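Lettered A, B, C and D in written order, each chain numbered from 1.
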Amino acid sequence: MTYRVNVKVMPRAGLLDPQGQAVEHALSALGFEEAAGVRIGRAIELEIAAPSRADAEARARQMCDKLLANPVTEDYLLRIEEH
Amino acid sequence: MESGDREVTGSAVAGSTEAFAFPGERPVSSEVVREHNLNELEYERILELLGRQPTLTELGVFSALWSEHCSYKHSKPVLKTFPTTGPHVVQGPGENAGVLRLPDGWAVAFKIESHNHPSAVEPYQGAATGVGGILRDVFTMGARPVAVLNSLRFGPLDQPRNRYLFAGVVRGVGDYGNCVGVPTLGGEVDFAPGYTGNPLVNAMCVGLLREDHLIRAAAEGVGNVLLAVGARTGRDGIHGASFASEELSEKSESRRPQVQVGDPFTEKLLLEASLELITSDLIVAIQDMGAAGLTSSSAEMAARGGVGVEIDTGLVPTREEGMTPYEILLSESQERMLVVATPERVAEVRRVCEKWELAATPVGRVTDDGIFRVKHQGLTVAAIPGQRLVDDCPIYHPEARESEETRYRRTALPSLPPSVNLDRALELLLDSPGIASKRWVYEQYDSSVQASTVIHPGGDAGVLRVPGTAFGLAVTVDCNARLVALDPYEGGKAAVAEAARNVACTGARPLGVTDCLNFGNPEKPEVFFQFREACRGIADACRVFGTPVTGGNVSFYNESPTGAVDPTPTIGMVGLLARADRRVTSFFDRAGDEVLILGATRGALGGSAYWAEVRGFVGGAPPPVDLEAERRLQDFLVEAAAQGLLRSAHDASEGGLLVALAEAAMGRPYAATMGASLDLEGYAPGVEVDGLLYGEDAGRVVVSADPAHRDTLLELAGRHQVPLFRAGRTGGSRLELRAGSRVFSWVLESLRKTYFEAIPRRMQYADAERSAGE
Amino acid sequence: MRNVAVVRFPGSNSDFDALRAAEAVGAKAYFVWHRDTDLQGADVVILPGGFSYGDYLRAGAIARFSPVMQAVQRHAADGGPVLGICNGFQILCEAHLLPGALLRNAGLHFVSKPVDLVVERNDTPFTAAFAVGARIRLPVAHGEGRFLATDDTLRMLEAEGRVVLRYVAETEGSPWQPNPNGSAAHIAGIRNAAGNVVGIMPHPERADEPVLGLADGRGFFTSMAAWKPQSLTEKVSKR
Amino acid sequence: MTYRVNVKVMPRAGLLDPQGQAVEHALSALGFEEAAGVRIGRAIELEIAAPSRADAEARARQMCDKLLANPVTEDYLLRIEEH
């Protein structure tokens, strides 16, 4: 079975996000004043071959903890779909 | 922004040192005091100084200003022994950066700073914010940053964690400096087991100013307004200063302050705004909110001006809701400045900042009662006699004793026979990351922005021209920690000598020094011994060279579970090149040139890279540095370059004479090689071949010159009493060498592959290696 | 005398360099602020290198919306010469004044070093002083310089001879030279259909004097100074 | 009404994604051989004040088309939640 894994890695809440800030300014300069709280992180897509969805998720977590997300500055969110 | 338009809350009774706990703040218990890294003696001093119990806010203020990082409580007496004066010294230690006089009304401001602990925790942000801080130290003097340098130490690259730290730090240094638009003109990187778990990240900045634009960070003028300029204040790096003043341990993981994130874009705006404010004479004083943020910047500026300040933390723009005065005072959010201006100028100051899309918010004022007073919505939460707050931290004179182990190591010799022959040894050395080309590093750093770079990284010192003038500056950072570890005094001398040699090789005259003293826990006698002796060596060398120490930084407690780091007193140096177009590079570049060796070789292998890398032995007595000989060598190089007699000059450092010759012949990765055939017969009679090729005696330089200049050079060398040996000629695609009975011949192309690929090969996938190996 | 407007965005960092290089060939060069809407009678516009708005999101993505860019668009539409250097090139692509996009370097690292290039067109206001096929050396310094476009666009660029600068395939004497960023077809610089808008990744303004070690960059500015409004239209109509 | 908008901006399919490749290589080096087809893009979070979900979505699209994604090289995906 292969599963499609979506990882969203975002800057820790409370940490400065200069990129998000700059984009928020740009948006309101472009007339999108209704946009607020812009934060920018990484989106990672991958496929995992695994016997079960649970296994796929477990492995994906390990990948995030070990490599895909920086525990010091980032939080991540996993979404898994069959494929 | 509205907050900025509000009036600063009226003063408390002048002179009153009454202060109240902020609602909800913890009472000050002995436990709380300990958490703030204050010992009994220090707490007693606080009680005595206040005549009452401190509030938690006040305790936080003391713990920041009395941390090692801010108070220099273990190092002050030793630092006092550095020579700091000279006819060309415009600003010595004590300001944000030292300043030296240059020709034509110009001056150079320069300073080095460590960011070791933050980089150990988060290499990318740690290094980036390190660069940001040192840039601010320089442009708050009124100088435009024109060069960045960096001195880095990591554990061996065969461990993934070390590769990850190395990759992250280099990316952080690069991304920040590149974005702000300051060229990185030099640096050094070395690798040794002692740095595993505690890397060293030292950043140096060099700036140019018109001497009459110099501004000092002294608050003056009762009634003047304090403005916070730049980024909003968040909960970043609270207690960073005291964090930097303790050993890294599991415990510090939990006490770890929230990571500071750098924003080089805002820094660039701050840089332009600050220089506009200073050069158009709109402000009285300006200081970076660096370590201990608003607290140290305001307290130090007040103390320098002999005045008091009153700050209303309620007016400081914050990034998060409900921040307490304690947090606002101690936050180390980046890209913030504290500016002092007369009330009439405030509007104008804010207009300039506005132009650069920066907020400038009045947050306090200069008072006449000498009190450091903090209010929050009308409530006085801190009121401390300002001068004593800055000056009265207890000073310590720790015991100093050299460790038995070091004494033994100095007298020891390699036990194993050489594993490889002498020509293979060269390849091993060129492949060792400490000696191999650092192109993997400096190609990630913009070295051409500002269109003034005359010599890029890859040789000895970096050189930049000063636009609109004929002269230029040479800049370098150097330290061979192996030598310092084995003999702190000689090692300290050697670090200054190498820096001066690198500067002089370009044809520049050494001017002055900024130092970054990275050591372990000073409360350990063997560590304090290293510190004291290394500083004695630095001071002696600076005296002989006429290069005063105009500033620097002490970083203690560089210890990890594996013990103290190798003592690493990094020397940052600037030199004056009278004619930038006469600069001398370090590579052979014309066939048929004479190759000359300056200086004497005794074949000292103590502390050499050859013993360490090839024979697996770190020990022996480092070669003593003859400071007078070094000085004569510098004079010779400066004069020869000024007369245009030299085609290239490269000093022998790690790896000795042979590595220096090979580097001169291999050239830069972007140009063709230029071989040489040399004969050392009669150069160093009686010296064993291994010592001749790989010994690390100080004071030696390999130069190449047009044969037409030979006699002039011989005469000049005679006049300066510099030993000069005619070793042979450049040419061909090999490095050929006769030494005693031995004849060697290396193919440069294959040496180049080794030398230039050594680090890239090891770092191929390092960016993606974070937790691996943790 | 040529009026050269150097546009300053927040985060520009080669603005002074471009100004200096233009002045060095006798141009009357001046800064135009990103909020300005008037180019003050500029004959030539230079978008300098740097990190406008920190290069946040994508290099040039935010700067493209600066008020001044409308004036630049008009200037370009009227056939006025525009040179985008590095970040300026990225801005021109984001603003669709030039096709394609500049992505993160294939090597994933910022790259700062001298590179060898071939000048493929001298019928632009900025390369007229070079011979076609001339080999020059200029510094690059960028993290997002990998030129990329759809196959159709690439074919069109080649067919219309709109590749102005190309990284040489290899350099004798050094295996560490070529294509520093993985650009498609080794493209280092292109021009628009009319030929008046040119974008390049390398930095001629940092290599225009012997003391800097490289001087080939000077040609871009002497070309600019010598260029006459009609000279381009002639060349264009000749094709 | 404010809506939380999640934007995922990915490199256009077929385009070389060196970062994705590097991460995939690092993953297998760490023993995650089962991971394949790694692609890396940008994750953007923001809040939009809008009268209706449809309006929020329309505005978010405009933001993406105008600024958040580069039509030449990137595709984007929107997800909107009430908040």
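Just so it is clear, contacts are C-beta pairs under 8 Å (C-beta built on N, C-alpha and C of every residue); 3 or more make two chains touch, one makes a residue touch a chain.
Everything numeric here is computed off the predicted structure, so don't read it as measured data.
Asker: Counting C-beta pairs in contact, does B-C beat A-C or the other way around?
Answerer: B-C
Asker: If I average the CA coordinates per chain, which chain comes out farthest from chain B?
Answerer: Following the centroid criterion, the farthest chain would be D.
Asker: Can you compute the centre-to-centre distance for chain A and chain C, using the mean CA position of each chain? Integer Å is fine.
Answerer: Spacing between the chain centres: roughly 35 Å.
Asker: How far is the middle of chain B from the middle of chain D, if each middle is the mean of its Cα atoms, in Å?
Answerer: Centre separation, chain B to chain D: 40 Å.
Asker: Compute the distance, rounded to whole Å, between the mean C-alpha positions of chain A and chain D.
Answerer: From the centre of chain A to the centre of chain D is 9 Å.
Asker: Listing for chain C: what residues touch at least two other chains?
Answerer: 53-54, 56-57, 62, 65, 108
Asker: Quick check on chain D: which residues sit in contact with 2+ other chains?
Answerer: Where chain D meets two or more other chains at a single residue, that happens at 22-23, 26, 30, 42, 67-68.
Asker: Quick check on chain B: which residues sit in contact with 2+ other chains?
Answerer: 263, 265, 767-769, 772
Asker: Considering only which chains touch which, how would you classify the arrangement: line, ring, star, complete or other?
Answerer: Chain contacts: complete, every pair touches.
Asker: Help me check something: in the complex, which residues belonging to chain C touch chain A?
Answerer: Within the complex, chain C contacts chain A at residues 53-54, 56-57, 62, 65.
Asker: Which of the residues in chain C come into contact with chain B in the complex?
Answerer: These residues of chain C touch chain B: 10-11, 13-14, 16-17, 20-21, 49-51, 53-56, 108-114, 139, 141, 143, 171-174, 176-177, 203, 205-208, 210-213.
Asker: Can you name the residues of chain A that touch chain C in the complex?
Answerer: For this pair, the touching residues of chain A are 18-19, 22-23, 26, 29-30, 40.
Asker: In the complex formed with chain D, which residues of chain B make contact?
Answerer: Residue positions touching the partner: 765, 767-769, 772.
Asker: For the complex, which residues does chain B have touching chain A?
Answerer: 121-122, 125, 231, 234-236, 258-263, 265-266, 319-320, 333-334, 768-772
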